[in-house]
Amino acid sequence: MARRVAIIGAGGYTGVELIRLLSLHPQVELTCLTSLEDVGTPVSRVFPSLPRKLSLCLEALDVEKVIAAADIIFTALPHKAAMGVVPHFLAAGKKVIDLSADFRLKDVDVYEKWYQRHTCPELVAEAAYGLPELYREKIRGARLTANPGCYPTSAILALAPLLRHDLIDLRTLIIDSKSGATGAGRSVRLGSLFCEVNEGFKAYGVGTHRHTPEIEQILGDLAATPVIVNFTPHLLPISRGILSTSYAQMKKVLEGKELAELFSDFYRDEPFVRVCAAGELPNVAMVKGSNYCDIGVVSDCRTGRVIVLSAIDNLVKGASGQAIQNMNIMEGFDEGLGLEVVPLFP
Amino acid sequence: MARRVAIIGAGGYTGVELIRLLSLHPQVELTCLTSLEDVGTPVSRVFPSLPRKLSLCLEALDVEKVIAAADIIFTALPHKAAMGVVPHFLAAGKKVIDLSADFRLKDVDVYEKWYQRHTCPELVAEAAYGLPELYREKIRGARLTANPGCYPTSAILALAPLLRHDLIDLRTLIIDSKSGATGAGRSVRLGSLFCEVNEGFKAYGVGTHRHTPEIEQILGDLAATPVIVNFTPHLLPISRGILSTSYAQMKKVLEGKELAELFSDFYRDEPFVRVCAAGELPNVAMVKGSNYCDIGVVSDCRTGRVIVLSAIDNLVKGASGQAIQNMNIMEGFDEGLGLEVVPLFP
Amino acid sequence: MARRVAIIGAGGYTGVELIRLLSLHPQVELTCLTSLEDVGTPVSRVFPSLPRKLSLCLEALDVEKVIAAADIIFTALPHKAAMGVVPHFLAAGKKVIDLSADFRLKDVDVYEKWYQRHTCPELVAEAAYGLPELYREKIRGARLTANPGCYPTSAILALAPLLRHDLIDLRTLIIDSKSGATGAGRSVRLGSLFCEVNEGFKAYGVGTHRHTPEIEQILGDLAATPVIVNFTPHLLPISRGILSTSYAQMKKVLEGKELAELFSDFYRDEPFVRVCAAGELPNVAMVKGSNYCDIGVVSDCRTGRVIVLSAIDNLVKGASGQAIQNMNIMEGFDEGLGLEVVPLFP
Amino acid sequence: MARRVAIIGAGGYTGVELIRLLSLHPQVELTCLTSLEDVGTPVSRVFPSLPRKLSLCLEALDVEKVIAAADIIFTALPHKAAMGVVPHFLAAGKKVIDLSADFRLKDVDVYEKWYQRHTCPELVAEAAYGLPELYREKIRGARLTANPGCYPTSAILALAPLLRHDLIDLRTLIIDSKSGATGAGRSVRLGSLFCEVNEGFKAYGVGTHRHTPEIEQILGDLAATPVIVNFTPHLLPISRGILSTSYAQMKKVLEGKELAELFSDFYRDEPFVRVCAAGELPNVAMVKGSNYCDIGVVSDCRTGRVIVLSAIDNLVKGASGQAIQNMNIMEGFDEGLGLEVVPLFP
């Protein structure tokens, strides 16, 4: 029998992406969509891209109604708002995939330093970090999964094989990331206007972006020692896609071919990670609309550095697609169910 | 048992779009992909967007090999090249969906005036014009379907209800169309360079575009009298999408609401035509990647004109998606099989 | 001695464009910039594109201070706000170029039907309509010039030669226009977000756009009889540029070459109108950043229609550049002063 | 009296940009434009953006005719082609600004390793490296100036203050650069098609790009010791602009404010370098069409790294504008002549 699914925060870009993908998921029935805006309007009118057969209306968030309507709940809310509702859903026996930052950082002090006070630290310990390639078993048994940030997904998948194999000097990690404009969400701000973004390119939040501690936590996990990185996000004038260019000094210089094989081995059984052949590099255009993470790796023998390029669609593997992948794991479904979509190129 | 399918001309944008959609079609197995370029290369390397499990290589066109390998053949070739191979496929008992212009124009004189000499006029009479909304029965029995042009698809679907109901003065038809850059194909030309198209907008082929007689033929069919139109194509700096803005003088001025109802009735049972509510208008962004044609209709009482806006993805409903819709009809499959994809927005 | 110039509403896109152009104008000194937002901030910090030597800060609008500071005043305000301040500036003996709609429509009833109540109808009669190609003499003597709308500029320049020569059936006029996103201004709205505009294309305000009566007024002037048109604006996913495609039935069918000559003659002495050779068509990319209006004309002998394509940069010839051209005329400067800028391509 | 100027290779993007800027230069008369294509066609027809008054036609390259026609020659040719003609121009007593790579690398062995055999190594020693901010005096006396590459311009200006002040560990230099599509020139290639670039983003030539030794040469000059860097270029889906993000370990950690002051001091008298206030970052949109290089600097105290962001228009400060700046210096003109253009935003 199909699971009944609610999306809390269905009016944003990750919300509509969840709907796009879940509307074709064979084991799921969407039963409840909440939003701050457009309450009472059919979701297929708010987003005319969606099929008309999706007759659900957006509704105001009513925790009891959501609990009555759904078995599985995706919370696509800003941080802080998420931790206000997630405990109620869990208390009612629901499974929750939370797309906010509220349950990602295991060290509550770190969370409180980069965000604000945490109101349910006890759930932080329990939450699985929803990067299936690294934490699949933890996710399988979870009732709460903290879906990773978009930048962290791209950076961690790029670096995990190097850290697991202890190939790099951890003090030399630099992650230079570039994201499409959906990363800023659908809220109405001057800096998100078409004419402010189009034909432009800039960095922002250099040294201060909140995804930094999340990246460091997981890399630290992999390295079994604290890791500090430079993480520099940039804004690309495209709708979807993140490309991260990660640099590190190799402890022993490996050739590109060796590295490509090592990455291929590492991700051999992963349905959503595609390692490029040596000499080939990923392009965000080749993952658009899909749950893939494409990775290319280069060895620079002149400097002894490894450079890893990783491309994802920030709304899919960086958010909604990965959330569904997590749901599939939590529910015991085939992990790729509903995510078979082929990237849209061109 | 799955039908074996070949794509002739798989290296272009309509080719890769056929592959994207057919790779998920439950009744189809891709068995042969031909191309002039990249022969011998795995198609998933030529188009890294495609899943790796697509292990087929592009091969040079060998008619006998294609015949041996496939039951159904999509010919995505330039006009003239198409009529060179289609007769062989038909003679071997194959079903053919031809995406070129070679079998669209019923009047061979008209074809020869706008294109060049026709080498198999006998097949022209036989071919079904592959616009299911108007010619479904003809397509059902066809062994050769001439898949409509992208512009004609958008214009004809916009105007068919008006002509069927005899609501407009046929001498006043103007179709102002705007297409994304995939419409020019993947061939390498100065005018198709990023920096020549980006941040630009222009008309081209005004009064001379070869889709004009195709539009006129079908509108003439609907009106049961010859129709002459102004058709003006423009080049949009986007990858996918056609919006056609069509104008005609109404014989009797109807209100917007009446027109919207009339259009809704006309397309009531059509799975891929979505008529906007009165007061709403289509946007190519809302059909991207899908087989939908979204239509909005406006009545201008000041001038007595009706204005119809129609939006399609030129690579899907305007080419590869409609070709698959035609295959489904020809094969007796559910018409929407493999085409359930939800538009990618944003 | 340089004229002292104020810009009222300097924080929007037409404002910054006025500053860009006026900062290089040899007869002008910017002395006062007002804005609702960023008051107290140096304008070169609000718009880091501007040279640092522009040390002026944005200030709140104080009519007396503006009057004290400036000889010439550009009002780049929304309609209604403009008519609240313009009378004061005129009363103080200033010259005003108003970029709003408030003084464009000669018939106050028409204004009040399409906009709202007019509070200083007596100034409407006095204001010159600032399209130099048609009203240069009127502008020369004016103390108040109503700078034309962007769409009307593109449409009227396209059609003026045809109307002056009485070549077309006035009941058949259709103007299909496409504008870049700066046309919507810099105010913060969901529909103006990058991800809502990018890779999209749609019509809006079909049959109801407020530039319609303005176009009709001037075309009516040219024809010496009332004119009603269909005007359909569309939103292009580019920053700058309007292309208008205008259609009309010719009274007597002229060939393309004749039409091109007739247009060339009509605009022979105009510094900012460039008529394309027969067979060539304009592209908004070729006027970007400049005050040019490029015009191409096509005769379709099959339908007896003339199709005129006209391209402008909506922020320059469609707004700020034309405003400066008007100032130059009003002040007796060389008409092209400060407007010699060459379009930026690519 | 105006200098007579020729442009060799006027049919590309750097060529048309030279024409755009030189057509407004008060001390220059364009007398000769050569091209491989469109020979015999007026340049204002090849590039309809250019003013009609530019009546020059493109002509085939005839060294003697160029020598007869011009005093100053800009060679905008591919490398190798440049060194075939430059010696002839110099022998005839002309001044040459060469935009190719042929005279940039002082060590001919390095040139021959990254490019091909050099046919006039004696001129390499003589050529001035045309980065005025560092080599103004050398340029002043030069008859041959090697105009810097676009990427090197952005990277060197970003790093020069740090190297001059010996603030960084030279072994830790990483330059992550992103360029608009005009960087690939106007030649017709699959990878430059609109639909291949649009909505995409990727790295290319990682570890192998030919601008690497050029960057290393100048940084080595500044450091007075050999320097090896990681340089990673990426392709942005915009027409113009380079943003370079440069990383290095600080020898002693300075605060952002100190660094901003140090950069401001370093470039205090430079007309075309704008250092951002501490906390602000550059955007390529803010330099579009202008000769500015905007620089922002960030200190990351967590890692002890300095991150420098630098933005240029690759066709202006990265090519044609800088070439004109060099000409101005070589000729004793005011250095900013013809380069006063204000960036076009939006």
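All chains are identified by letter, namely A, B, C and D, in their written order; residue positions are counted from 1 within each chain.
Criterion: a residue touches a chain if its C-beta (ideal position, glycine included) is under 8 Å from a C-beta of that chain, and two chains touch if they have at least 3 such contacts.
For clarity, every value in this text was computed on a predicted model and none was experimentally measured.
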Least step count from chain A to chain C, where 1 means the two chains touch: 1
C-alpha-based rotation, chain A on chain D, 0 to 180 degrees, nearest 5: 180
Chain A and chain D: spacing of chain centres that average the CA atoms, whole Å: 39
Gap in Å, rounded to a whole number, between the CA centres of chain B and chain A: 36
Cα-centroid distance, chain B relative to chain D, in whole angstrom: 45
Contacts with 2+ other chains: residues of chain A: 13, 182, 195-196, 198-199, 237-240, 282-283, 285-286, 288, 346
Residues of chain D that touch chain A when the two form their complex: 172, 174, 176, 178, 195-196, 198-204, 206-207, 228-230, 232, 234, 236-241, 243, 245, 247, 281-286, 288, 296, 298-300, 302-303, 305, 307, 309, 311, 346
In the complex, chain A residues that touch chain C: 13, 181-182, 186, 188-190, 192-199, 237-239
List of chain A residues in touch with chain B within their complex: 13, 16, 20-21, 23-24, 47-52, 182, 199, 239-240, 274, 276-277, 280, 282-283, 285-290, 294, 340-346
